[in-house]
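Each chain gets a letter, A, B, C, D and E, in the order it is written, and its residues are counted from 1.
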Amino acid sequence: MKLIRLAPLLVLLSGLGLAQKAVPATLSAGQFSTVYNFFSFAIAAMGASTIFFFLSRSEVGPKYRIAMLVSGLVVSIAGYHYLRIFNSWDAAYTLKDGAYVFSGQPFNDAYRYVDWLLTVPLLLLETVAVLALPAVQSRSLIWRLVIASALMIILGYPGEIGTLTARFWWGLASTVPFIYILWLLWGELGRAASRQKPEVQLYSRNMKLLLLFSWGVYPIAYALPMLGITGGEAVIGVQVGYTIADVLAKPIFGLLAYAIAITKTRQDLG
Amino acid sequence: MKLIRLAPLLVLLSGLGLAQKAVPATLSAGQFSTVYNFFSFAIAAMGASTIFFFLSRSEVGPKYRIAMLVSGLVVSIAGYHYLRIFNSWDAAYTLKDGAYVFSGQPFNDAYRYVDWLLTVPLLLLETVAVLALPAVQSRSLIWRLVIASALMIILGYPGEIGTLTARFWWGLASTVPFIYILWLLWGELGRAASRQKPEVQLYSRNMKLLLLFSWGVYPIAYALPMLGITGGEAVIGVQVGYTIADVLAKPIFGLLAYAIAITKTRQDLG
Amino acid sequence: MKLIRLAPLLVLLSGLGLAQKAVPATLSAGQFSTVYNFFSFAIAAMGASTIFFFLSRSEVGPKYRIAMLVSGLVVSIAGYHYLRIFNSWDAAYTLKDGAYVFSGQPFNDAYRYVDWLLTVPLLLLETVAVLALPAVQSRSLIWRLVIASALMIILGYPGEIGTLTARFWWGLASTVPFIYILWLLWGELGRAASRQKPEVQLYSRNMKLLLLFSWGVYPIAYALPMLGITGGEAVIGVQVGYTIADVLAKPIFGLLAYAIAITKTRQDLG
Amino acid sequence: MKLIRLAPLLVLLSGLGLAQKAVPATLSAGQFSTVYNFFSFAIAAMGASTIFFFLSRSEVGPKYRIAMLVSGLVVSIAGYHYLRIFNSWDAAYTLKDGAYVFSGQPFNDAYRYVDWLLTVPLLLLETVAVLALPAVQSRSLIWRLVIASALMIILGYPGEIGTLTARFWWGLASTVPFIYILWLLWGELGRAASRQKPEVQLYSRNMKLLLLFSWGVYPIAYALPMLGITGGEAVIGVQVGYTIADVLAKPIFGLLAYAIAITKTRQDLG
Amino acid sequence: MKLIRLAPLLVLLSGLGLAQKAVPATLSAGQFSTVYNFFSFAIAAMGASTIFFFLSRSEVGPKYRIAMLVSGLVVSIAGYHYLRIFNSWDAAYTLKDGAYVFSGQPFNDAYRYVDWLLTVPLLLLETVAVLALPAVQSRSLIWRLVIASALMIILGYPGEIGTLTARFWWGLASTVPFIYILWLLWGELGRAASRQKPEVQLYSRNMKLLLLFSWGVYPIAYALPMLGITGGEAVIGVQVGYTIADVLAKPIFGLLAYAIAITKTRQDLG
């Protein structure tokens, strides 16, 4: 590791200093509850999978333990952020005459981007670890992936909290590193899958599909407010979309990594 | 696993976006306290059984550990939801002149259905794991059970928070997959029990009975408001019924699975 | 286990639905603080002994681990309930001009009975486990003990929250199963002690004495309001009495079981 | 253990039922913050040392593990009490025009004495365990130490919350068992140190000095209000004094016990 | 260890008794949120790295476990303090008409210095442990480092909460031990790196660079208010600067120590 590579991380952190996004003044009870229940669902899913990944470490062979540990870290970090997001959502609205009106406490969307800054590199690390690429090669791969993903997140944030026009242009900029990551991983994941024994090949292919599918949900959720969906509908769409994507990309993805690790452990034993 | 099988899960999640059910405007102190104490009882039962299942993993043979882990996950998820349900109940009423009056904060019944969405598949997985069916056969069995149970829950929810008529028709629809699950499990559990050594047979039969009995409590509790029971009585009946069913179906069921695992471990050793 | 034996448990749970007991309108600062400090003391004692029992499991031989685990569960459940009891007590009074006046928030005594419903069967299980009776014999013994203790608790509760006359008659009814339990255990504990090696005999005898002594404190505390002690004094007497009894019957009793387990482990090794 | 020896413990517990001490009506921001920051410092120190002692158990030989466990229990109990003390201090004062005025919520000093009741016997147990005296001898020693320390604490409390005259006479009474403990330990610790191998002797001597020094801080802090120090100064002196003493007597003392255990473990191995 | 060496620690603790620093009366939403989000980021980073260091202990060889344990303690202590800092920041401002105005609750900067008092000695201990200097030599080195760092922190605090002039002179005084520490470590770290096998040399050099770089950020952040940066800008600069420095000096530094430990473990095995 050359220390200079930490530089983009520092630059990136400076992106956190932006104001909060405005949320609609009123939501119907159904709209407020949808988001509320999805956030609570995410907390339960992240919490339970945290326990699962940490306790299952001892079931897999030593060289796969790091992947389980990383899975556990990812979902525990996400659990922390969903707790904060849940509380922020709860504080942002007050029930009045059957509808939920904005309380004056801004809903803090930055938690999500802070979460991604920490969990996306870990997920990429886990993916590469599960692929079991030769060490030197995977190091350079990881650095390219980490830097591209940091760029993707940092470029997306100003759009998330800005006007629709800002959303469009920053989103477009963020899509460049996004495409680069998918292109890099598609190749690697394909090559890695073909190197595996048959039983693992199916999982590896599923992993590739799940990764591409779940990552693809993020920009779609992001784009909703630009597709004519407005007010409460847009907020609900974005939050529910990101939450579904997070559940797929973190605990479900981790379960696939666990299935691969368990199967490879059995193969290694004979 | 074909990834396409995740599709119903996604559809299902969209059912969370519904408004909260109305609760009675006034409850007697005894009515409020009954539910309050049952919820606290459930928290203690789920919390203590969480510790028990996680710490007892090391006592059973390696191949039964996954069942203990799943038991532990089920009761920890339920413990989280009962904490939220407890707080929601507490916030929904305020003591005034010896009676409890509605505070304006709706009681959130969705926690229960979110809980079931996560714990019912895990319980089915555990049941199949304890039965120790051959791997290929159990995979297809699990998928049929999981999809049927997801349907059962998603179809029940609109009835839970709707009018009595809605309650009837959605409940009826939900009963179809419910019957299918019982029919599937009845056969499998019977066949599995007959394959076991005598000592385990008794437990397996108990497991079958407990599963059918506890699962049967849910639709009965659900039906109470349609049987002429109204107001506070109906709410108390539903909440207490679900709570008793949850304690039977989760920690008590898990204890039976533990008893089977311990007995089989001893048999395996000699 | 015949499943039908779960029936009394269900009946018993229905006893939780009763209103809260009235507490005195005013307490002196000393009276309020006495109870407050005893509750905090119980939290610390239960919390620390929870850690102790769980961490000490690995120090005793495999067959004694279940007793340590059960001790740990008992004190963790009690710790949870003392936290709730503490908060309930704190919310029930407000300081005004140097005295504590009732705030309108009822003090919830049901936590104690819910706690006993969960912990008394566990304690009986632990006692029988430490006695190491032959399996068949101990099963029938356990069921008789568990059912009698459930009856004892459920019959005591209406008296706890009722008038003095109710207290007398329900307390009397509760005393019948209580005597039955003591009579059963006295014989078993005596026989068990005489079977042990000398070093363990002393502990077994202490266990017998401690069990009888600590269990005896509960009905005495219960009886205080019927002995001419009224108002603040009665509440203080009951709460402090129950708390002392709980500290003796749970963590101190568990320490004795630990001492027996450690000594037997050493004997088994050589 | 003769059960009758539990009697003083019961008597002692009755000392908890006393009213709270009055605190000054106003503190300067500097005075309030000093105590506030010391309490937070103690929480962090107790919390971190709890983790350290529990995780380091596996590093020392089996016979020294009990000492590490006891160290861990002592600092976890103290951590709990410092959390409560911190919150009590925070609630006792409100900032008004740059100064902190009494809020009407009394500062509860009893937490400290409840803490000592639980932790001092444990510390004495640990000291004797680390000295590794022959079992029979150490049992009688422990009982004399425990009873004397209980007397010391129970006699000190009425002085802590009473007038200056009460403080003097109860403090004097409390000093009698205090001197007895120091006299007992001085001899034992000296004899024990001389039995050790050279490397351990230095630690044993340090332990003796640290014990005497840290225990000596308590009566000095206690005496401050009788030495012409009044108002805010006296409260600050007492609280800061007790906190420094607690950090020395619990985590720092435990670290010395750890150093002895590690060194002896190495000596035992070769 | 000569006990007399604890003396400076005691002196040092007396520095905690100073009033809180004034913060600007108004912050823009962006300024408030920047600090808020950085604090939450630090909590997540410290929490996740706490789990990582504690769970990874078992992956490294026995002699490197102490370094992992110390890393874990450092980040858990920091996690606790960032939680408190976060809450203090949140309580210090209230949103009014789109801007954040001072609430009257002072922002408590002392947490940071209390944190450093505990974590800096631990970090120095860890550094020396990872360098694996001969025991006698490292003891004297540790004491010199610990005392110098305590002086550095205690001399910096009056400047942190004082006027700009105070900030200058106390900062200057604090810089003297700072330079001494860097000078000591530079030499030691260089000599240690040259003794290592090639693969470890790179990490050791990185460790040296990271240590010097991250430690260097603290005085720079401290100096910002003296460089013409005022009001909200200055507070944001100081808080964000310290937080970035803390993330580099604690979890990232710990990761490097982990990398060294893993590599050396592999070398030791063959």
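Here is the rule we go by: contacts are C-beta pairs under 8 Å (C-beta built on N, C-alpha and C of every residue); 3 or more make two chains touch, one makes a residue touch a chain.
As the structure is a computational prediction, the values presented were derived from the model and not from experiment.
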item: Graph separation of chain A and chain E (steps between touching chains); value: 1
item: Self-contact between copies chain D and chain E, residue sets same or different by half; value: different
item: Rotational angle, Cα trace of chain C fitted to chain D, multiple of 5°; value: 70
item: Separation of mean Cα positions, chain E and chain C [Å, integer]; value: 48
item: Inter-centroid spacing, chain C versus chain B (mean Cα positions, whole Å); value: 29
item: Residue numbers of chain B (touch at least two other chains); value: none
item: Arrangement of touching chains [line / ring / star / complete / other]; value: ring
item: Going from chain A towards chain B, every chain in order around the ring; value: A, B, C, D, E
item: For the chain D and chain C complex, residues of the former touching the latter; value: 1, 3, 6, 10, 13, 16-20, 54, 57, 65-66, 69, 72-73, 76-77, 80-81, 84, 104-106, 108, 110-111, 114-115, 117-118
item: Parts of chain B lying in touch with chain C, wherever the complex brings them together; value: 28-31, 33-34, 36-38, 40-41, 43-45, 47-48, 51-52, 55-56, 59, 95, 206, 209-210, 213, 236, 240, 244, 248, 252
